[in-house]
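Structure below; questions to follow.
Which chain is which? They are A, B, C, D and E, in the order written, and residues in each are numbered from 1.
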């Protein structure tokens, strides 16, 4: 295995009660690269991220992170190891203020690092003006921004993003794209991105994979990301 | 010493008695065993007058109900209970007998009338020698008696009295005597002094003067004026009284509810065992007082942290053992905690027995702080108000200004996301439940000072606790505070008009109607955040 | 083959505090009786159940005891409502029950023997004492809001009015069960008592509510010398729950105090301590009532030579057993006892000092003479009346569930 | 009519319903036979004692079904259902009181005994009519219905939900308890109504009436069960579930949530009232103890033990818990609370769906898929508490 | 009531509506006029007040001031959610909301146009037409194979589709659609646009989206909201040229 392969999930199977959502999925993420996962509704993208973030234990398969088997670790232990998750649906702590939402990211940080990096406010200026507002009161797009910011507060080594552009205005999508590029350039973070929006994915992806019905049906790297083929794979 | 002899000589005149020889004295003391109350009443002044230096001790002990006798041969004794039975000391010759059975030693009976006689006799002695409180008490007793024969005694005491309150009381004493027995000008002058007394005895004296036919019209007019003034002030202080009663009831409600504001309000566990956590706190107080070598006055200082730990530990156990399997199913927590509450009740019943346990009030929590004749505040209530506020503020601090507080709120709002943020929700849950339970335990310590410590203690408060938390708005600590205090005050303002039962019904219906106006409690959160 | 003794006292719930002791008392009596050879040559066997302070459950368990477990006698119940709940069942199945607690009267069932005090054995003498010995002119009648206090206070009110007390000198106050905040009421009592007329409180406050009541009295400085409180439901056991030193001198009226001086009492206390293994435990009036009831039943069984309910009932009338205060208790044909009435003052050690007592026994009156409708009714289960509620005006006997 | 078929055969659609139906009918027929026709002493004889006991449990079962209708299906956790049960009971108690006539201890033909000795002059107006059975029975339904209607109208219109609703229902029952304690109210205070003599001319202690009441109770349970099934199996049942788990969505689709809640609350109150009315002649007393908040909480506990959201489960839970209590209190009087408390804890931990869940998992295949899903929301508990923390400064 | 000044040809008349939360003005004298049969696209920065506006129209939020009139006669600020829904205003929420414990089929059944009363619900049985209608919608939203599954178990996007299905099946006069394309693939996004255009043939539609390709596909009048008021209005092209719109919304 490639030494830069920080995250490797192999043969993941995942079931919800009686129904199976993933059938032997494998994916990797490398430090300094963006891995992009595409696929129609309900094919299992979120399910895969749930397995990686520890929300839902897979019924088979293995997940390693920096060489360590984390398949059965609880989510908080993964967070301690630098894995941050921006879930689909935002999952803002609605009764906490914006600032407090950001501060929940301190749990994994040593005392001296417990502050919100200024760049976060540069990226999402609206948050700075709303620090005292309750997270739940924000608009949908504002919440999405908060969710990304909250993940960044933890200074992650693996950033998992589930459809981060959902509900966000075009200008900020561009900014997010710039940030992800910036993070990639810094080269100390692996990024795993689920996205439906092809242009966005295309602009960012170093590696990519398309899922259908719980399986990876197509994958490749930047050079092989062909719009037609991908779109084809994503149709029925 | 000089004062003491002077008083004694006054007493001698007062009580018109002759000197008795030692044999008479001993015979009199032994009569206490057989004598009926009327005879005892005669014996009191005789003993006081005997001049025998054993008399004061005997009278004091008797007044305190600590004078005993044993039979065959008949002896009047002081008693002390030791590990192997009771040790008695003969009051006359100091002879000691050990190891007597409990029922062999009987107390020299005293009834109210006799206690009154003893009180006056001893009070007169103490009027010069006692502590501030004793002197004040003696002065008040004399005021009630309003006996002109005491005048000399009072005047003598006044000569040397330095304490302001006692002086004032003594002056009122004299003024009352003047008013009752003086000429018209003297009466008018006395009224001037009496008008700032709120003592009910003074008021009664004034009222009866009004009723008396022979009262001088000028005096009558003046008395009417003074009475009106006094009554105005009394009414004001009654109202103050009611408000304080309300605040104090409110603080009790606050204490009872505040732990629940955590376990139920923050965590969403319908914690039917909350009352039992308070019960554990109260029993901890009992155990501290009974089994730990701490003096009674400090026992509560030990009991508070200990109760926190005991109830908190039980809370943590409950959370780790049961509750944690039920997150996301809050209604089932009702069933489980109901079961736990039954088990805990039966557990204390099996360990400590079904009876109430005796928990004592330390001296600093007994009695009242008399601000004036119409307004006083009982110490235990006062301390509980202060204590409740302190507990409230500390909890508020923990919730809002500590990392733990933040994590606790995050976990209860979205456990999965909190985990994903690296928060160890298991720990946080356990500690939060422990905190809520611990605080309930602390509340139990406070309740032990007000009410029964028995297996039912928790049941008595559980309904009110839920009502307060919900009325204030679930999850809102300030709401809990305001709800508790306003329910307390409202109750006490209604109660004088309707009586306790109807007041409670009115309040319950009031809450039901109020919730219609504010379906999420007093301090309801508004906006999307609530639905989201 | 044993004689079964049902014990129907709450061991859990709100009444467990009071009733558990009575269960233990019955068990002790059974043990003693067995040690003395049992009854009719048979051993006694106690059948204990827990009605859990739940009134319908009293009825259910009574049925269980009588029909399924076939007990020969039941000792049980404390609150009136639990007795009322048992009543139809015990009458239907012709059982036999001994009820050991002071109560409001107005009842005389063929199947129940009432060994606690009727109002005329407690309340009336207590008020007489207050008026005649202490010169009380003003009365606060404070009680828990339920039937016993309500009835007792009605009786007292009409009695006080008849004795010339002015209506404005009577204040009546009710509180809910387990009332714990007494600030307002105690303060009202202080005000009511500060008019210069000697004032007393007649308390029918029940169980749990007493401790906070007395604590508040103490803290607000209401002393027995100023405003004595005389209670009908506060005994040694209630006082054992707290420090009584601020309450010294307040009163209670009962038919028994633990401090009573008699050999029987000394023995009883010794054996109680032995049985319960704790010398801190006190005895109280309902225990004495249980003791008397049990002794009477044992004697009646011996006398009848059978445990058959009808025979035992017949044998009960006129039975005399020693009580614990040095006298004798007599079972009358109205199913109530003749007992002495004692008034005691609370001492610092939580005991009562008897300060007054009736010269002889007072016959328990099932139907009070101080309410117009009740005054017409008498109970007499002996021929020719043979009825618990015989109306002397109409000569009719009504209200029974059986012939 | 189309829908009538469902009313009369509400439970043909699943095995559990069918067996419930059949066993209830069987009980209603067999128990009376075993009691009346099989001679005493025979091992098949069911003693009247057992009949009464069973009758009492069945009343509780109806009460549990009533509660489950509002709680299990509509998410209204009523901690005050004892109010409706108690009021129904009082209505019947008043009838039974009036039936005593002049056979009371004071022989007063107009006033019940407790009024006589507390010197009431005349019968209060609200006692009028209760000498007629039909009126009392009507009142046993109307009064609870009216209370439920007024209370529900206020609360549902103001959108009082979740624990707020639960606690005010508790406040309601508590207020009723305190009110009924007061002798002035004219319902016998703490002692309540008792000393009943006969009902419709038959002695309440007679075996005949006992057995009749038992059969009636069984039939009431059957009817409650059918009504419940009819409601929950209809589209209305699905609207109720939506309200339970997605109240605001239901509104946005156009359902007037408050009407639905009010409907089911009133139906439930009527059933509870009838249960109370049948309970009173069987236990022989009604008093404010029935309004004790703890009793109402116990009803919730029965339903939870049996399996919330399943009518059979609710009924089963009521019977099992009460049987356990009866058995424990006489077999283990000193320590039974450990067992009962333990039972509750264990059942939450190991049978999260209650007894019904246990049974269901045993007979999984036999059950209809849809039915099962409705029992067990896959997602979090519907009326999850408002999990709010923030307080303002 | 019948506000006279409302021109005859507006189905939805929103004028001068302001809403504030703790002093923050989410809507600031907003006006929006929609004619019957019109399709209107609404765009605007996050927090511009788009969702709040829908909240006001559907009765979820009461405005501090302003007029909201439906169908020239009905003052919507005086009615609650259920009444407004029954007037014929349907809504899809930004965050997909379905009735999770019910199956996909049952969700559609409840949303199906028809009487909403208690007794109607008690006696209602699906007839063949209604069955067919549901099946048709199931096809359309591609959830036929999830028909009898619990809707809570759907993926995010599937819930989104189900909610659209529920909106369609309730046959409202006015559809308010908040971000229908969020979480959809590009292909599905286009399909949704087509679907809305199809529906617009018989009904009035107001749709909020951030996806410019989607908006372009709708090919309709666009209103840009910013800070609670209308910033610009016109065709997508004109709006996209507007410098202010570029600054606050589109970015460079």
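Heads up, the rule we're going with is that a contact is a pair of C-beta atoms (placed from the backbone, for glycine too) under 8 Å apart; a residue touches a chain by one contact, two chains touch by 3 or more.
A quick map from chain label to UniProt name: A = Urea ABC transporter ATP-binding subunit UrtE; B = Urea ABC transporter permease subunit UrtB; D = Urea ABC transporter permease subunit UrtC; E = Urea ABC transporter ATP-binding protein UrtD.
Predicted model only: the values in this text are computed from it and were never measured.
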(message) Counting one step per pair of touching chains, how far is chain E from chain C at the shortest?
(response) 2
(request) Please work out which of B-D and A-B is bridged by more C-beta pairs in contact, and write that pair. (result) B-D
(request) Can you figure out the chain closest to the middle, judged by Cα centres? (result) D
(request) Please work out the Cα centroid separation of chain A and chain C, and write it as a whole number of Å. (result) 75
(request) For chain B and chain E, let me know how many angstrom lie between their CA-based centres, rounded off. (result) 64
(request) Go ahead and note the Å separation of the Cα centroids belonging to chain D and chain E. (result) 44
(message) From the mean C-alpha coordinate of chain B to that of chain C, what's the distance rounded to whole Å?
(response) 30
(message) Among all residues of chain A, which ones touch two or more of the remaining chains?
(response) 95-96, 134, 137
(message) If I count partner chains per residue in chain D, which residues reach a count of at least 2?
(response) 178, 181-182, 248, 334, 337, 378, 387-390
(request) Two or more other chains in contact with one residue: find those residues in chain B. (result) 345-346, 409, 413, 459, 475, 501, 504, 525, 527, 530-531
(request) Spell out the residues on chain D that touch chain B in their complex, using ranges where they run on. (result) 77, 151, 154-155, 157-161, 163-164, 167-168, 170-172, 174-175, 178-179, 181-182, 248, 293-294, 297, 300-301, 304-305, 308, 334-335, 337-338, 340-345, 347-349, 352, 380-381, 383-392
(request) Spell out the part of chain D that touches chain C in their complex, as residue ranges. (result) 47-49, 52-53, 56, 102-108, 113-114, 116-119, 178, 181-183, 189-192, 194-197, 204-205, 283-285, 287, 289, 325-326, 329-330, 333-334, 336-337
(request) Spell out the residues on chain D that touch chain E in their complex, using ranges where they run on. (result) 2-3, 231, 234-236, 238-239, 241-242, 244-246, 248-257, 259-260, 263, 369-370, 373-374, 377-379, 382
(request) Report the residues of chain E in contact with chain A in the complex, numbered from low to high. (result) 21, 24, 44-48, 50-52, 94-95, 149, 153-158, 160-161, 179, 182-188, 210-212, 248-252
(request) State the interface residues of chain B toward chain C in the complex, per the touch definition above. (result) 37, 64-66, 102-103, 106-107, 109-113, 115-116, 119, 200-201, 203-204, 207-208, 238, 241-242, 245, 248-249, 252, 345-346, 349, 353-361, 366-368, 376, 378-381, 449-456, 459-460, 491-492, 495-496, 499-501, 504
